[in-house]
């Protein structure tokens, strides 16, 4: 089989390493370059010994990696991928950004939340927000993809059928999310130091997490009008996984079963979204190490609330897996190629 | 010092074992009897080897334990403590129930949620709900105490000043709680089996947890009118601790700092409630193995929400510690006697 | 591609479920039957929701499952697979036993440690001990395979080059092993109850673990004479993985580097065994969810000891993965077909 | 009661913080000064929020803290406490060093393992190795105490009766130890970063851990001749606790029961050492957050080994708790004053 050539810019970070793990076994891909500003010249297995004897590629410079590639994945601190996108655009390469630079439509919003500017307005106009299941048609026709954030992915997939079908009052949503510690990345900090993170639990960045505008932008598109959310992330003492518990005021007389039917219908062709049987609760253990998003639906009849629980693996569906899914869509591969992992039961 | 005599009915369960651990070092208490239906005749150290050489008391029958005691603590499945309460009442003993039988005012509500009946209506009328900080005066004048549930304790203390001062719209509260696994007790189940509980996270009993009526009853008392809550508990892969994240619509123009000042004022004489500095987030690691309740206050200005985070150790302030606090109040001991543990930093 | 048909007897246990997960994506296999005594008639996804929408096969009876299969995997309590082996033998099916019934050469030893008898002596004679890397040629020529235990796999692979090359005094080996909790299986017990297993650590079955005779049998074959080991297993609070730390008296003047070279040579054609660079320590995190065995070599010069650290994923290389590796060998598939997982970095 | 005045030099580290937690509730102690080079001028609760409202002391300079104190505890990187000891010595203050500077008798050995010199030979001669149970009489008569390391404490207490009674061949001991992550301290590192430490397990510093000479020095004193050990530490994914599994060749025909009797006899007056019943295995969960050392005894009859399992809380008996125990001995307080914690059952 003819394979496309892929490079990963920022392969020493967690999302980059996970992406490498996936791409190395992808049937349609050859990894031609991996880079890291901090470790150029070293083998990736010296940073992640899990790659020993499997991939001992040297980390090269960005220039080398980009030149060889048909598709370039970037996993870098925000603000750094715009120039890279421009280079790819000029040279006809597909560019998939796992960072935040191509997720927000408005430069103004980006600047407010990230403190940087949009330097190439035209590229941002070309860019597509790669929530694969929902914006698949747009993804097919672009070469610049802003891969969604981990929290927004769990939340958007969880809310899409409810908002689309006007089942809920969409302007006052409470979203209580919990993320595993890989979400905080490879960088060291006191709060991710094992003895202070283990047997601990706490929210953080309440009312000011940078994923908030991204969530509202996507939900507003679903609703066709402005949506506001109260979003509270928590740090969960597990390695992987996000659970979002979403509280909505019902705007329908439908039973929970009827609501579930609409969810099943909305996702009937989607391999990676599983609407659970009524009575079950979505649990991150059932999606870890996979590209699945599990959604369970509940109601509190005495307060007339619909409660949606949505869970993903933050490193796969919430980062590297969805990036590969988007690549598959762009290049016309099987959409599950290389990401059909079955989540382990334990 | 003259010591009172205490017995624990149901000492082989988690709350009972924690109570024993606390009472053994209490300066004003002598433990005279411990019981367990399943293990009568065995030493407690055969069930919990942590007690080896410290307390190797034999588990005796309920009759023996009650007879010797001035105060009887009960930690039993619901429905079983009413007769015991009657016996204590008849014999002038103080009775502190860590179970659910004396928490709800209305027999009807109890029956609806627990499927059993109130058999001694008079005892339920005499009983006081032992949320120590709020109902201290009532506790002083009773001999039957319904010790609050773990979730309700974290939630009631977190909301008391906000409701009392009418800072929030109290009839539509969203409460997203997360509890450590000791909350599920000593009984075995697939969901608390280590390989299925570790690296997992999920809500449970959504819209139907038995603590819901207890929460609403207490908050309604604070409000002087009916309060309704949407309460969602989650199982958190840590041994101990509860974090409740509470979402409220603000009913005031006060700044967050002014709101915090009201909280500080409300709890200024309370050793065990700590209102954290603005900017900090309550974290269960800072209250584990202690009787403290930490509360942090936050706002989401763009949705006009007040967000309250309240955390306790479910086994101490949420069970055995508060039971001892109530005992201290009833008997006129220093309120922190035997429970002045400093939470370990790690 | 023409696929062989496989059935799993005992698919509701942990090893069976892991095997199912692997076989479902195996390019040369179709899973035709899965069974469970306790859950016959239910879908596997009701027991392990991780299989939802991926495999919702019903659990059938043993008869149905065996009849359809070319290869039968058994994961049952010891003593139960002998009759099944006989049926397979009679019908020309390949039989791979993940339990203990076909691991020991001598019926007497089996009886001593497992309390049951060998009923079909001829089958035990035909059976091959499926330590794939070492006994590959024998595996090729058998239809009955006793798949090695998890501890023995880590230990045998760790010691093979040292014993084979007479680098150590093989009659007094100290083996200190630590296993993740999946090794204890799906069955509930107080010691695997989350609050008692989390933040805990302890040895168990000291001097009497059933894997001892299996370890000694294999090592004795390597040595060509009787080997005795002191084997101590510990329960490690992680889901997966075994680390064996093995203490040997050196019987050579070789440097550690020379010893390592012999290890590299011994495993130079083995994909799944990785001899780490000197200075590195084998860590179970680098083999989790994979079929790799990582070995690191160390010495304590002041006591003249060679210290070997060997780590595997107990559920993959220590159970289901090696079983599939053996199947691949028997049927002439690529040896890594279906088990080429790259271990995740976190 | 008249209280002595205590200061902690290095209170921002883990051992220092634990010491503070203990001393604050000690009936005979007033904490008069706490210091930290990095945080001078800050309140301790800004570093460890667990101290909020309990102790909000400012961190001061070493000079201030020492001047006020009767007893000075030091918890500093090695090499830094010798001058401090000299100051205390000159001013008649008791000095208890939780670091390594006063543990080794020979300056030469210290230099070999720690790369620094003994600058005040006379102080090292005056210093006593504070293994409380064994060297109590010496501790009573000194003002300079080298508090034992965490690994050495578990190992020395585990081996004392066996060596003293010549039950084992003491010149070839294999010690396989596992420590919780607090043992690595507050400093950040990749290996203690939560996602890389959680669900991981590995040995480290094999054959070259700095506790080796300390262990050998103590055991040699017990034996009256040189003892050599092979010591391998492992990093265990729990917050607290050490388990040492010790393999010895038996030098006696005594039964295990007789051996246990000698252990019971040796520790019959020791509150903090618990010799477990035969058949039980020492588990770190039973000593966490306490000053206890649990010892269990086992044998492997077919290799004639005595296997000793010894467990402590590394931060309490292995550091701060034993330091307070030593202080109690020096000042003639009840030996368990302030450290009589009952280990929690979970």
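The letters A, B, C and D name the chains in turn, as written, and every chain counts its residues from 1.
Everything below uses one rule, namely that a residue touches a chain if its C-beta (ideal position, glycine included) is under 8 Å from a C-beta of that chain, and two chains touch if they have at least 3 such contacts.
All values derive from a computational prediction rather than experimental measurement.
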Mutual neighbours - chains that touch chain A and chain D alike: B, C
Same or different residue numbers at the chain B/chain C copy interface, by half rule: same
Remotest chain, chain D as reference, centres from CA atoms: A
Rounded Å distance, chain B centre to chain D centre (Cα mean): 36
Centre-of-Cα separation between chain C and chain B, whole angstrom: 46
Mean-CA-position distance for chain D and chain C (Å): 39
Interface hub residues of chain D, defined as touching at least two other chains: 14, 182, 195, 199, 237-240, 283, 285, 346
Arrangement of touching chains [line / ring / star / complete / other]: complete
Contacting residues of chain D [partner chain B, same complex]: 14, 17-18, 21, 24-25, 48-55, 182, 199, 239-240, 271, 274, 276, 280, 283, 285-287, 289, 294, 315, 340, 342-346
Chain D-facing residues of chain C, complex: 172, 174, 176, 178, 195-196, 198-204, 206-207, 228-232, 234, 236-241, 243, 245, 247, 281-285, 288, 298-303, 305, 307, 309, 311, 346
For the chain C and chain B complex, residues of the former touching the latter: 14, 180-182, 186, 188-190, 192-195, 197-199, 237-239
